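Shared between the two complexes below is chain A, which pairs with chain B and chain C, respectively.
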Partner chain A sequence: MTRYLSIFLTFARACLVRDMTFRANFVLECVTSLGWMAMNLAFYLLVFTFTPEIGRGTGWTKEPFFAFVATGLIINSIVQALFMPSAEELTEMVRTGGLDGILVQPLDAQFLLSMHRVDFSAFANGLVGVGLLAWAIPRLPQVPHPVAILLYPLLIACGVAILYSLVIMLAAATIHLGRNQSLYDFWFYLTNFSRYPAEIYSGPWGGPLRALCTFVIPILLVVNVPARVIAQPLTGQGGMMVAGTVFAAGAALGISRWVFLAALSKYRSASS
Partner chain B sequence: MTAAASHSPPSGFLARRLQALRVWWTMLVICLEERLVYRGDFVLGTLMRFLPIVTQVFLWTAVFGATSTGSIAGYSRNDIVAYYLLTMVSRAFSSMPGLASGIARSIRDGSIKKYLVQPVDYVGYLLAARIAHKLVYYAVATLPFAGVFLFCREYFPPIPDWTTIGAFVLSLVLSFLLGFFMEATLGMLGFWFLEVSSIVFAYMLVQYMLSGHMFPLDMLRGIPTGVAGVSVADVVRFLPFEYTAYFPAAVWLGKVQGAELVRSLLVEAAWVGVMIVACRIAWWRGTRRYSAFGG
Partner chain C sequence: MHNSSQPRTDAPSAASEPVIEVRGLAKEYRVFDKPEGLMASVTGLFNRKSRVVEALRGVDLRVEKGEFVAMLGPNGAGKTTFLKLLSGIITPTRGSATVLGSVPWERTDDFRRRFALVMGQRNQLWWDLPAAESFRLHKEIYRIDTPRFERTRDELVDLLDVRKLLLRPVRDLSLGERMKLELVAALLHEPEVLFLDEPTIGLDVVAQHALHRFLAHVQAERQMTVILTTHYMKDVAALCKRLVVVTQGSILYDGSLEQIVDRFTSHKIVTLDLDAPPDRAAIDRLGFPCEIRGPQVILRIDRTRIADVLPGILRGQGVRDVSVEDVPLEEIVAEMFRSGSTAGTDGATGAPR
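== the complex of A and B ==
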């Protein structure tokens, strides 16, 4: 474990050195990333000019909703920074046969393929998320319970684990498809479901969709549970929700590991 | 007949037209084959484009559920759903993935020079390739589009009259040309900057928000600019972006009618004209300052 941590830190240091070599590009990437986020925040502000809350009686008024958005920013920025750049490279590695070089290394292939590149500019959105959370928390209708504050980082880690598992499974699909240029798009579209409170998925179509995105692909647990814990009063259901999320994160990691190894066993080198 | 004579350019009007048609057909076949090599990726990519609409439908249903009014900025809940689906059609015409970055890349790596020494109009070639690309896309995407529209038919108002349908089709064709020439002009900034990825990203950002892809632009009517009597929507209307997503959708939904419809179509055509001229000037000025990089 210490060996892997040390190797990961070496990767991270190398990426940081490279980013700092092209500082202007790094700043530009941060700015564009922040621009995209600012545009989304502007959209939410526009929505709140038409409605006092997202869904009648859901409690997702402006400030709690922005705590929700902040939680999503933090989780997504961690995943975007630590795992997405490496996963994106895998799609090309499979097509070109570059994966061969990884498989002969004396290290775990999943570790190497999912964590060898760190995009430090993606942390910019996470920092804004922390700022937005700091703005929203004092304005919430109720002060967060101390237990909620303790649970929040754990649930953030669970959210990251669930998204990481999804990234791994999507990247593993590359091995079957031969090419998966849509990986990033699919990732964006899939995480789109987690961008809003689960309560919006209601009715004859929304109910089953909510169940699917909670129990089959637990994408709705990623942001909803930590955000709910911090932004809404803890109720009796809170404990169940937290336990369910921790279980889902563990199960997702296990399943993604199995899917990845199964996909790897089907890999046939594309290189000459 | 000698070998040289058999490869000489065809003479006569009919022969030249046949030759041009053969070139177009070859390009179309190449595009089709390229698309179908990675079928799984292409079908997955096409179907995925509908996923954001699903969240938007639920989001706006929740927003309407929390408000006492049945209408927001002149849109009912059904109008909003229909609007988002129609903007997908607009974007299928006006979006030009990879065009600007591809032009800039060919300037940077020097591959553009082959078009400078051949009797081929580069912009014309790009336009032909893009039309072929779009035709292939429509051929494959029509079925999933038709399925989704059929599934969501209750959200749409009754089918409009033939004049509106004609205006809708015309607005889509113009949006294709506008999107093409805007992005081609952007790509040609590569003659001056070499790397235009950040400019393209900034353009995409502005375009996404101000084209109406994100929300109906009518919602900006109530947002003040600070100048008395001028809303953000009034400012956005002065820009060409709305014609690449909002305008065709608004035409189908009957939000733009009569004299305003004619005026808007003329403005859209004028923007196409402006961008064609801008693109030609950028090409003309750019090639004059171009130094061939690469081997």
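== the complex of A and C ==
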């Protein structure tokens, strides 16, 4: 474990050196990312000029909702920074045979393939998320329970694990397909469902969608559960959701590992 | 080394444990044919036609410690597939293989720490970073302790005279410079087995020569087992004593460089430099295949008859100089490739001429 951490830090260092080599590109990426996020925040502020709460009686008033948004920003920025660059690169590596060089190295291939690139500019959103959370928490209707404060980082980690598992499974599809340039698009469509409180998925269409995104592809647990724990009062139902999220994260990691190894055994390399 | 269809072999038959042992190794790929035209492409979305390509057809191999083996073959012969199987990158359709006692496609860390693969057409260094950064990563991945890493790196860097390149981004280097640094990276963890896939492809003569000297030196010093695939006879002649000729996934020849000449050619090349261009009819009367280039005559004479006929030829008037040489290796191998291609269709292996 220590060795893997040490290798990851070496990768991260190399990526930082590279990012600093192309400083203008790095700054532009940060600015683009922050600009997109600022537009989203402005949109949410606009929404709250029309309504005090998202969904009647849901508890998602302005400050709790911004804690929700902050949680989403933190989780997504971790995934975008640590895993997405490598997963996106995998598509090209499979097509060109670059994956060969990874497979001969004495390290776990999944680790190498999912963590060898770090996009430091993606941490910009995460930092804003932390700032937004720091702004929202003192303004919440209730002070977060100490247990909630302890659970929050664990649930953030679970959310990251679920998203990471999805990334890995999508990337594994690349090995079967040989080319999968829609990886990022598909990822965006999927994670879109996680950006809003689960309560908005109700009614004849919303109910089944909520069930699908909770029990089949547990994307709704990713942000909703940690955000609910920190921004809303702890309840018995909340405890079930926490346990479910921890279980879903473990199961997602296990399944994605199996899918990845199965895909790797079918790897046929590219002609040189 | 030999394939399942029993080609001629002059490979050493040592009783010791081989570093590489391969039995009946075969690799098949299913490929999809893409028909031409829009309609055919649309139809192909629903009904794709596929066929099985045999990249490797049941190959046997035994390589001892410290051998430097060259694999020579035309494009698509199966050389790279063979190296990918031995490196554990892909899994075979049939057959077995062990490298350093491990099954390559099980990809154990212990095995992967003991070999290296360099592919001339693939870049394994970080493109945007100086090679020194890639070396640092390599040190961590292969768990090389700092004193050993620094000693090996400095030794390799000095041998290839690339110290001044270490801090330049890899993307700014020439192909030859990049390949030298690829080799340094591959050898940092002091592998026992080195697989080289066309390492000199695209390099100029100077760079090729530098790599030859380096590889010969390092291999001899470390007693490394090396398998080299190449298209260039210069690589083979400079580095290897043992040659394996592959076509269409099968091995046509496995043996020494010297013996390939004896086994696959029945004649020698006799070149006569005359005072003046000869009379064509007089040369034809000698009864050997010939080529006339001005005052120079090139005869192909049966090697068993050289001693008998050469004095008579030299007694002819106007011979200023004479040379007797073996058929160039390139020519022999090209002929083997051609006969191998034919053999592939009728199930036989190449026959000596």
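The rule is short, and it goes like this: the second predicted complex is superposed on the first by the 272 of 272 C-alpha atoms of A that agree within 3 Å, B and C clash if a C-alpha of one lies under 4 Å from a C-alpha of the other, contacts with A are read in each partner's own complex, and residues count from 1 in each chain.
One rule holds in what follows: contacts are C-beta pairs under 8 Å (C-beta built on N, C-alpha and C of every residue); 3 or more make two chains touch, one makes a residue touch a chain.
These numbers come from a predicted model, not from an experiment.
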Combined model on chain A: chain C and chain B, fit or clash: fit
Chain B versus chain C as contact partner of A:P52, first or second or both or neither: first
Partner chain in contact with A:F247 - chain B first, chain C second, else both or neither: neither
Most chain A residues touched (candidates chain B, chain C): B
Touched partner set for A:A42, first chain B, second chain C, both or neither: first
Partner chain in contact with A:P106 - chain B first, chain C second, else both or neither: second
First, second, both or neither for A:W258, with chain B first and chain C second: neither
Touching partner for A:I7 - first (chain B), second (chain C), both, neither: second
After superposition on chain A, the shortest CA separation from chain B to chain C (Å): 6
Touching both chain C and chain B, counted on chain A across the two superposed complexes: none
Chain C to chain A touching residues, read off their complex: 29, 80, 84, 87-91, 107, 109-113, 115-117, 119, 121-122, 124, 126, 128-129, 133-134, 136-137, 140-143, 169, 197-198
Contact footprint of chain C on chain A as seen in their complex: 3, 6-7, 10-11, 14, 17-18, 21-22, 96-98, 100-101, 103-107, 109, 265, 267-269, 271-272
Chain B residues touching chain A - in the complex, by the definition given at the top: 38, 40-41, 44-45, 48-49, 51-52, 54-55, 58-59, 61-63, 65-67, 72-73, 198, 201-202, 205, 208-209, 214-215, 219-220, 222-223
Residue numbers on chain A that touch chain B, as the complex places them: 28, 32, 35-36, 39, 42-43, 46-47, 49-56, 58, 176-182, 185-186, 189-190, 192-193, 195-196, 199-203, 206, 209
